[in-house]
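The same subunit A turns up in both complexes below, where it pairs with subunit B and then with subunit C.
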Partner chain A sequence: MIGSDIPRRAAVGVAILVLLLAIPVLGLDEYWIYILTIGFYYAILASSWSLLVGYVGRISFAHVAISGLGAYTSAAANSALGLPLLVSIPLAGVVTGLVGLAIGRLCLRLHGAYLGLTTIAFSEIVRIAFTAEYEFTRGSLGLPAVSLFETTDRIPYYYSFLALLAACLLIMWLVLRSRIGLFFAAVREDEDAAASLGVKVVRWKIFAFTFSSIIAGIAGGFYAHFVQLVTPSMMSIQEMGFVLSMAVVGGFHNIFYAALGGIFLEILLEGMREIGEWRMTIFATAVILILRYAPNGLFGMLLKRISGRRSRP
Partner chain B sequence: MTAQLVTQGIVKRFGGLTALDHVSIEIETGELLGLIGPNGSGKTTFLNVLSGFYRPEQGDVRFEGQSVVGREPSALAAAGIARSFQVTKIFRRISVLENLLVPGLTDWSVTPRQAAEKALKILDGLELGRLAAEPAANLSGGQAKLLEFGRIMMLEPKLVLLDEPFGGVHPTLKHLMHDTIRDWNARGTTIILISHDMGSIFDLCRRIAALQNGKVIAHGLPDAVRNDPAVLQAYLGTGSTRAAV
Partner chain C sequence: MSGMALFEQVINGLIIGVFYALVALGLSVIFGVLKIVNFAHGELYMLGGFVYYVFASELGLPPVAAVLVACAVLFLIGMAVEHLLIDPIYRGKVERVDEYAIMITFGLAILLQNIMLSIFGPWTKRPEAIFRGRIEIGELIVSGDRLAAAGVAVVLMGLLLYVLRYTWTGKAVRAVSQDRETASVVGVNAKLTGMLAFGMGSALAGAAGALIGPVFLVYPTMGVIPVIKAYVIVVLGGLGSIPGAILGAMILGLVENLATVLIPDTTRALAYKDAYGLVLLILVLVFRPQGLFGEKVRRS
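Showing the complex of A and B:
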């Protein structure tokens, strides 16, 4: 349903995927392979956040907290309960899906600033609780997690995260181009009108929270076993700021643009490491300028230029 | 004819304001009822109660024999009650066609292809076919009103609630809207029409109810309501004797 320019966009997507598949073969430095792998993690977070904000019109600042919950769930389920990663990572998705469902129900009648502030409060409650608690989470020292692969080679991680990103984008795209995507758009545009036309507004708002939380949780589960140490800092408001910047700079009305924003900004973040905290100032300025002058994001603007067509949410 | 919709003693309050004060109306299947009254008389509140957006403090709404108080608007839409809004509520950032697909696809047994075929036919009938792929934001005010009509038609409702559909609409489009309303009604659809456009009300409706301060002050045949002293007073003030409408 969403996007009438599918063949052209699919061609661009396939080209980008082929390029990303070829990068390790082309002999890119291992350090940048590592950075790109983290970029794929952020791309999943940025795109699943944009699904909620750009498609359903529901703001959330709890997305990295939910991803962090996924990371802790998988790490703890593996180390404390002895569950294999094939079980503990999907379990992270189940747990965060239930948390997303609870947030969705709690926030049903909240909009705009009220919804945003509620999700910030939730995010901080989770982060502070995991910092203050020591027996299970080891507080700010962090919870060790086993590695995904028994190798120090970065390339298996690179391809795993790329496959996960592709799978998440494919699933989100299939949902968004189905009738559910239209119901999301109707809810975003006008809840009363949607309800008067038979759209179950409550159901789809809760579904959107649950769905995006499952994706964030699974990404967090994978991430735990990549970095091998889960700390409360991955749930910080600053981390949420990164994800928000990535989605906005890429284009949060489109999951693919938001994902590209995640990869692009992670590369930029590392490339500008020498200037330290000034990077954050530059990113924040970029967010303000893009919201003002290019609301479809850098990649939305770029595709519009290339195709000469208007890009619609 | 049998009563399709029965409201019994509906009371709706907003703080200290009683917007609906024991409103009891019966509407028969296939009827076209005009609802008139000055601004703030409770007309839109009444429609909001009928369509599930407001829950009354007292009274009951029975649709086809079943009480529908407390049911969600989406459930009432599925049961056959569709409505338009006083301030047009189209989905501006999706296409004209997609606006119609939203109600068309709420029935999961309908495929996207079937819904699209039906939507295009409806859009052609409303002279919006050539705009099917346009973002709805590009429509004029009158076309947006027609788009709301189109979305209602996708639901194939039994009861249609129209809230000021003619406001700011060009006479040509208004004529098309009149024809559409007559066509729905001829096919057996029950309609409640709210309008300040008395020409349209008296042209279209066979029965009229007048509200003032949340109370039904008159109802019956158009000529009787037009000359009812209470209606004259509501529209023209105390001491008025000539026809108000």
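Showing the complex of A and C:
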């Protein structure tokens, strides 16, 4: 990113944040508040996924399985062990962080399609196991989870998910703009060259998997106590396809674009309800066209137009 | 567990293995020539099932003819997909080739699934089988539709092996698999070969979908599980290896069918049926990434 561009980008970011903060005050319909809250959840998933894919160059299809794991962890820790949500949700982050650490460690030698296949396999094994072990998970019926707030009002959920999204984006941004971001880019561009220059390639690859898994797990933990029912369908490949579409449409080379893609696609998904299944057909077509002709995504393209200068190839 | 029941499971395992082999071979041919894993392969298999359903059940074509139609349609679709989405990689139009190839084929998979979902709905369809009834060999009973379909599948595989081994096209495919640039230097049209390979791979997937449609039913998400098994197989056999794909398919078919009868807790054994292969996949990828037959390559 070019230095002189940052104030302009920050201004756009602040404007969007202020708009999102003001929406409930402006009296938007409850239903849309609810949809936006789900959109924030997907924004966290899409941005933490794009951290892995766009910045480190490591593809993973296990991201929604990991967030589902976080959801199950928090719901089970709360109902079976009686832990308060203040403990169970961070615990979800710890558990998924450890899982991310293990995946990162096991997949060190893998890249590209091989990594894609391994993570798909992992994701499916988790989903099959959680469906099969019905004594613990109630199978496809799903595990009930207590609600985050006592009230049925949507607005507290809206603000807590917005705060969570903002916090996740801030932490990711701080990490990415530090030296670690440079190490990520070095690993993405040329692992061997980076290693020869003293970059601890192994450490940063494992760190990236762990870090993005923690974020996905905490998001999943929060989500469990928002929808109040955790089902294995949360971990399906279709769901992963949805998160991938959001990141690609928004722009997976930038966590903020990916997050906007998450909110944007969730709104579209609800807004175009009348056309039914054709929605996903349209999204998938958009994914293919954007990958082929506008790899920076919709928002990358848009912002380039607005700022009127080349920022990043 | 009687010896006969065990033998029956072995036969069933081998029959299922034949269908797995058909899907895996297609994946392997595509990987060999284009060096990409086609994440939309399961959806090409699903399209084969639907083409077969339309021609055999709705238009009343004889089943074997409908299988051939499915092959032909999928061959053309595969060529088009290669031309539109994969070929840009080789014309240097794409940054981050690895991620592009994975995501574009994954995007294609979502697209095809949802198009079919929109047109045909999520309900299962049972198209006309090639042959109904059961075949009894002594005490052994094998369902006729599976056996007949497996027979056609074996013929198609034989045809593929013949083409790869003895025809000019097959030689071109093998040449480009080994070294794209050198093959181009000696006059092989690598672009056309790539299209042919993707077409052939898609036709094989389509044939598998058409043949197995009457047994496992046709619906938009029918490709998700079989293709994951095909990944297991090609990774087991080594990506791009033809004998590896066939052997890997037989191994997986046997493992699945025997594990279901050999594990004492039957309901649990069945629930995990689709997971055995995946565990195998992770083990192979982590400990022997080149597979049983694949060559070890260093990332450039």
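Assume the second predicted complex is superposed on the first by the 307 of 313 C-alpha atoms of A that agree within 3 Å, B and C clash if a C-alpha of one lies under 4 Å from a C-alpha of the other, contacts with A are read in each partner's own complex, and residues count from 1 in each chain.
We take it that contacts are C-beta pairs under 8 Å (C-beta built on N, C-alpha and C of every residue); 3 or more make two chains touch, one makes a residue touch a chain.
The model shown is predicted, which means the values in this text are computed figures rather than measured ones.
Novice: If subunit A is used to align the two complexes, do subunit B and subunit C fit next to each other or clash?
Specialist: Because the two structures are overlaid on the shared chain, the partners are seen to fit without clashing.
Novice: In the overlaid three-chain picture, which partner chain does A:295 touch, first (subunit B) or second (subunit C), both, or neither?
Specialist: A:295 sits against subunit C, while subunit B stays out of touch.
Novice: When the two structures are overlaid on chain A, which partner does A:86 contact: first (subunit B), second (subunit C), both, or neither?
Specialist: So A:86 meets neither subunit B nor subunit C here.
Novice: For the three-chain arrangement built by superposition, which of subunit B and subunit C touches the greater number of subunit A residues?
Specialist: When the residues of subunit A touched by each partner are counted, C comes out ahead.
Novice: Between subunit B and subunit C, whom does A:112 touch in the aligned arrangement: first, second, both, or neither?
Specialist: second
Novice: Considering only C-alpha centres, what angle arises at subunit A between the directions to subunit B and subunit C, nearest 10 degrees?
Specialist: 80
Novice: If we overlay the two complexes on their shared chain A, which of subunit B and subunit C does A:198 touch? Say first, second, both or neither.
Specialist: In the superposition, A:198 touches subunit B alone.
Novice: Per the contact definition in the header, classify A:189: touching subunit B only (first), subunit C only (second), both, or neither.
Specialist: A:189: touches subunit B, not subunit C.
Novice: Which value, in Å, gives the least CA distance between subunit B and subunit C in the superposed three-chain arrangement?
Specialist: When the complexes share the chain A frame, the smallest subunit B-subunit C C-alpha distance is 10 Å.
Novice: Looking at subunit A, which of its residues have contacts with both subunit B and subunit C?
Specialist: Overlap of subunit B and subunit C footprints on subunit A: residues 192.
Novice: Please name which positions on subunit A make contact with subunit C in the complex.
Specialist: Listed in rising order, the residues are 53, 57, 59, 106-107, 109-114, 116-118, 120-122, 124-125, 128-129, 131-132, 191-192, 237-238, 241, 244-245, 248, 276-278, 280-281, 283-285, 287-288, 291-292, 295.
Novice: Could you please specify the touching residues of subunit A with respect to subunit B in the complex?
Specialist: 1, 4, 179, 182-183, 185-186, 188-190, 192-202, 312-313
Novice: Mind pulling up the subunit C residues that touch subunit A in the complex?
Specialist: Of all residues in subunit C, those touching subunit A are 36-37, 39, 85, 88, 94-96, 98-104, 106-111, 113-115, 117-118, 221, 224, 228, 231-232, 235, 239, 268, 271-272, 274-275, 278-279, 281-282, 285-286, 289, 299.
Novice: Given the complex with subunit A, which residues does subunit B contribute to the contact?
Specialist: Its residues touching subunit A are 51-53, 72-74, 77-78, 82-83, 85, 89-95, 98, 101-103, 105-108, 112, 133, 135, 151, 154-155.
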